[in-house]
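Chains here go by letter, A, B, C and D, matching the order in which they are written, and residues are numbered from 1 within each.
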Amino acid sequence: MSEYIIKNGHVFDPVQGIKGDKKDIAVKDGKIVDKVGSGAKVIDAKDKTVMAGALDIHAHVAGPKVNAGRWYRPEDKHFDSHKKPGITRIEGGKSIPTVFKTGYEYARMGFTFAMEAAMPPLYARHVHEEIHDTPIIDEGALPVFGNNWFVMEYLKNNEIENTAAYIAWILRQTKGYGIKCVNPGGTEAWAWGLNCLTIHDPVPYFDITPGEIVTGLMKANEYLGLPHSFHVHQNDLGNPGNYKTTLDTLKLAEGIKPKNTFGREQVLHSTHLQFHSYKGTNWGDFESASKEVMDYVNKQKNITIDTGNVTLDETTTMTADGPFEHHLHGLNHLKWFNVDVELETAAGIVPYIYDPNISVCAKQWCIGLELALFAKDPMRCFITTDHPNAGPFTRYPRVYAWLMSKKYRDERLNTFKNADKVIAGTHIGGMDKELSLYELACMTRAGPAKALGLGKDYGGLKAGMNADIAIYNINPDKFPSSGAEIEKAFSNVAYLFKDGKICVEGGKVVDMGKKHTFWVDAKVPENKQVMHDIREKFLRYYSVNENNYPVPESYAPHQHIITVDATKA
Amino acid sequence: MNTVTLTVKKQPELYLECENVNPDAFAGKKAADIAKLGAYQGKETSTLGDYFTIAGEAGATAADTKIVINGDCTKMKYIGAKMTAGEVVVNSACDMYTGSWMKGGKLTVNGDVHSFCGLAMAGGEFVINGNAGNYLGAAYRGDWRGMSGGVLRVKGNAGSDVASFMTGGEMIIGGDVDIHLGTHMEGGKIVLKGNANRRVGGQLVKGEIYVFGKINVMMPGYKPVGEKEMEVDGTKATFVDYIGDLGERHPKRKGETVYGHLYMKK
Amino acid sequence: MPKEITDVICPFCGTLCDDLIITVSDDNKTILGCKNACAIGAEKFNHQRLPGRVKRPRMRQADGSYKEVSYDEAIDWTAKMLVKSRKTLMYGWASTSCQAMSIGHEIAEKVGGIVDNCATVCHGSSLIAIEDVGVPSCTLGEIKNRADRVIFWGCNPAHAHPRHMSRYSIFPRGFFTVKGHKGRKIYCVDCRYTDTAKCADEFIQVQQGFDYELLNAFRTAARGEVLPDTVGGVPKEKIYEIVEDLKSARFGIIFFGMGLTHTMGRNHNIDIAINLTRDMNDFTKFAIMAMRGHWNVTGSGQVLGWQYGFPYAVDLSRRDQARHQTGETTSVDLLNRSEVEACFYIATDPGAHFPVDAMISSSRKPTVTIDPHINCTTEISDLHIPVAMVGVETGGCAYRMDNVPIETRKVVEPPEGMLTDEELLTKINQRVDELLKAGA
Amino acid sequence: MAAKKITLNMITCRTIQQGVGMEAGKTTQKYFDACTIMHMHPDDMKKLGVWKNTNVKVTSSVGSVIVKAVETREDLVPGLAHIPMGPWANRIVPAYTFSTGEPCFKGFPVDVEIAANERILGAVEVLQDACGLIRK
């Protein structure tokens, strides 16, 4: 395997606290090393920015609802499906790119990892078929548990150990990475056309509340000592006044301590917080609650968040929050897709246009940016667009530019149709903060890597770490004055190293690399009760046989298996 | 306004994709440059010069460019598609996508057109002096934005699924139409001089359909609410006013429900 | 000593039953028995050992007879045909594995093919409708566990999906449906009094071709508006009565089939049925599902979906872009208009299932058919390449009618030296690469 | 006095026998028996004056095919006829798709006349015959 030496780049690495100093990075056999031989290929990074490969902690990039969103929206790519010269395949889709475009575009932007944010266990085989076909980037997937019959029945009686044993079984069957929870209880209620809007609403027939589900899953997560924490999409997403429910949910983490061997410090990751930080009682008096929410997050050390930035595009919303999508369809009347998944979850899809001329959309744009700008600890706040819900991930460069240039975001803010109304209902107008490259490295590299329990090998440039490296055409000494330039620089890396191999050069994909599928194998004490319950449920309620449920090995040819042992718990 | 004249000199074996035959692509080009523009049959890329003799030169902009096409274009797709200005006159029948996604200018076809013509037309004037196929002025698959502006005039008959998802603009059909006229319509105006087969205005939210002839089977979701004396496309007549589709959702304006209207000439 | 293989997936219809038990001889060569399968599924497994099965490719001769050729010759002929043709119809895929499809798409992208699957003459109409208005649906287990109103509209599972009613829709007892059939009200809407109708609590006979009007009447009634005295032969009183009963459901489901997709209006019949389902969700919980026919036609749509963003009729003929327009890039239209120069059929039999005019057009073009058995299409093709039966002699992923993927199982060895779809397509792909490199 | 020729509304659908026959093999007797029949309503048979299990010639806008008239199990209304899907049915199915990709498998008019002594072609034969691949 070849050796490289990346010379004279401005290095930004929160793992080592390096803030733009000129430093050489040596690469050998897929790892970052202290030094390499004289034969090493030299990469001139003079006047360039060098960071670790970025990690997307929350994106919908593979699986049944993502794909439904693709094929039921031919109009999303009728004029946007092209093959670029070179080794790449045809790339289609604006709001939901095909698997090929997904891999290429992430790589071109300097990403080396993306976490599929919601995997219905019954559809795990589909998720992994798509991950298998997505080039270059490493991926993992989070199975959803928040409306799972086993989980609700165990937690009703506060049986953390059984819950954990079941979760461990599911992670193994589905090659899953951690515990995702979407609209706890609300999605099961949706199977009857109902919902749970607070953490106290009882779940029909299951005699449990969303709050109990959240607490139980958090405890089960720490019982198992998984690399990632409990990852939640709270109840009442997208409604004015929902920040109260958001705070109620976050407070459930108080007093719960992280227990793991991966250096992870949070016990709860609150995702696409923008959608959960709304004040007001209706869309008329709708206002930003980013301050209230971030004030709490900033002082609560065992919580991490991601933003869910609205990019003001036409996109396709999709979530396991079935009732929300039905609600959204009632608002915009665009084509509604819904799937309820037996014993486990549901999903909905509705196209949505974030129109800058509509003040609600403009305020949502403000709130997303405010979250990142209010964040005191960039290692606990990560930038996402909840792809494709608030906008396609291909817009990250523009979001970065808005966050790094007050001028750029004010240009946008002041040209909104109802700018005054928008500014009055939000904080952004008065915020001068501009993110630094170092903070960006925290929010897109070191931070998400640490929160996912991957901090030892990913998200940094320390010797011994995996050689996933992004080199951008940005000279920190002459930082681009225009937002458009910042966008351009982050859209196409000068170089992307993946596992020590150059996969992108000058924005062009030159190598498909060797993508890995990350999953967690959790060892738990033998649990006859849970195994019996599983057999029983498959015999009586599932529509597939237990033996046809697991994801076959062949679906993940290059596995990166992280093992945890909870037998001594 | 400069005129470029294209004369067909060779027929494609399959169908020729002529996405470059429109004033926007020709603007600022001399005959020789126009001849170099691409034309496609499957994976074979050739040039307009291979299929047409090209005379004259285009104006500086689309607006001052006129294109006249002579010879048999029955197997040519995308003529005038996406044009934003200028004029195109085709003295022949054309294949699919003629005048689709048209934004401005004037397109005249002195012959029949196949299916998917005038798709999602947003502006300009499109005149078909023959018959039209299916999905005339409809939306592209999956899109809820069909014809939104401009005027589309057909002298003869049109096929099925005409003006699906229409949101604006005006369509006048001189002859008859097959099934499904104005399905999912949410605005705009359709004038049908002849007869409709079945399923007129199904799932219609908003908009107006005027029918001078007969409809084989009326949709159950339509209900007569009175008569109106009106002048429609130059003809004065009494029309029975049906509101509908009563099975579909309808917007409210100032508390009042806004229905779609189907006007049947008495 | 014969052995039993359990949890075997049935590669016949979209129900994708996964509880078959197949007995095979100890040399893994012969299927001796088949439990739990329906009559059709059982026949498929029996077919594996029928005498006279073709084991090597066959090339048609000038005199119309067929001569055996080697796999290498067949692969070379196929690759050359694909590379030469400016536009090739690559149709079928519904009876092969998703893994095989992937390789096929790679070939199509290189040679300029139009990839279309059996939905094109089956549930293509449904896919158009879903593209237009979406679809509120669910997995089959949800029906079993929750549904108390079940409507079969223009579908006949008793004949087309024989175990559907017992596994999911009418008879099974589930978590919230402990009474099974007794707890469910079954409606059947059809122009014929089918065997499915005979299992229903209520049969509504609609005049053939009037489904759209009747569904419009259902929606109109649901909004409390007036109706004509009869719609499609159904009295308005009956329509109001049914709509009220549907509103009182806890969980309702509409299953539909060819009765809607093939009749006048095609996609619009499904479109409005979906809209009725959507309306019903304002009153209670309702879902709707297409009764997909071929066991893996859904899978083809899924793979095309994640690779190109369209469910079928994917036009890659320009090689630098993917396009999709039913009515233009759909197989029957391409053949009617003679818009392709060659035909590549795999895991399907258009000869039996396309209208004759389309096949006459097809028979005038160079044609390769890849199928385990002799069928109508193989006998009008220039070349027939036999392959192992997917789901019987080799595994691979398939998607059920509710889009749930299940990895099918290999139960016996294919005949000596016979290639699988995956192996064959891989070799064709390699040969295509060689030819393109050589600038052929 | 029975009519020489009657016009019916034709639909082509799957039957379980057709499914079984198809999986048994397109060239098998099972398939032939399952697909070379036309289900008719007794009233229509009377109108045409045709006995059960008599061969009839069915003609649509695209062509003709010989099949065997049978009394239906799955009741049809008078005026509606059904031939199971397969090469025989498709010999008369109009290929017109209304630009949807789906031909007119269901709901097209056909003329039916008695053809007691005409032979029903085999599955491959009926297609090869149409494609002009049979050397006469």
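Following the convention adopted for this analysis, a contact is a pair of C-beta atoms (placed from the backbone, for glycine too) under 8 Å apart; a residue touches a chain by one contact, two chains touch by 3 or more.
Model, not experiment: these values are computed from the prediction.
Asks: When B-C is set beside A-B, which has more C-beta pairs in contact?
Replies: B-C
Asks: If you average the Cα atoms of each chain, whose average lands nearest the overall Cα average?
Replies: C
Asks: With chain centres defined as C-alpha means, what is the inter-centre distance between subunit B and subunit C in Å?
Replies: So the centroids are 34 Å from each other.
Asks: Between subunit A and subunit B, what is the gap in Å from one C-alpha centre to the other?
Replies: Subunit A and subunit B have C-alpha centres separated by 44 Å.
Asks: CA centre of subunit B versus CA centre of subunit D: separation in Å?
Replies: That gives a centre separation of 39 Å.
Asks: In angstrom, rounded to a whole number, how far apart do the mean CA points of subunit C and subunit D lie?
Replies: 23
Asks: Could you tell me which residues belong to subunit C and also touch two or more other chains?
Replies: Where subunit C meets two or more other chains at a single residue, that happens at 128, 131-132, 264, 319, 324, 326-328.
Asks: So which bits of subunit D are touching at least two other chains?
Replies: Residues 98-99 of subunit D each touch two or more of the other chains.
Asks: Where does subunit A touch two or more other chains at once, residue-wise?
Replies: 72-74, 76, 78, 335
Asks: May I ask you to sort the chain touch graph into line, ring, star, complete or other?
Replies: other
Asks: Applying that definition of touch, give me each pair of chains that meets it.
Replies: A-B, A-C, B-C, B-D, C-D
Asks: For a test of understanding, state which residues of subunit D touch subunit C in their complex under the given definition.
Replies: Residues of subunit D touching subunit C: 9, 11, 13-16, 19-20, 22-27, 62-63, 73-77, 80, 82, 85-87, 90-107, 123-124, 127-128, 130-135.
Asks: Touching residues of subunit B toward subunit C in the complex: what are they?
Replies: 13-15, 17, 40-44, 96, 115-116, 134-135, 140-142, 144, 165, 179-180, 183-184, 198-199, 202-203, 217, 219-221, 223, 245-248
Asks: Give every residue of subunit C touching subunit B within the complex, in rising order.
Replies: Residues in contact with subunit B: 85-87, 111-112, 128, 131-132, 212-213, 216-220, 222-223, 225-228, 231, 264-265, 268, 271-272, 275, 317-319, 324-328, 337-341.
Asks: Applying the document's contact rule, which stretches of subunit B touch subunit D when the two form their complex?
Replies: 115-116, 133-135, 159-161, 178-179
Asks: Subunit B touches which residues of subunit D in the complex?
Replies: Interface residues on the subunit D side: 98-99.
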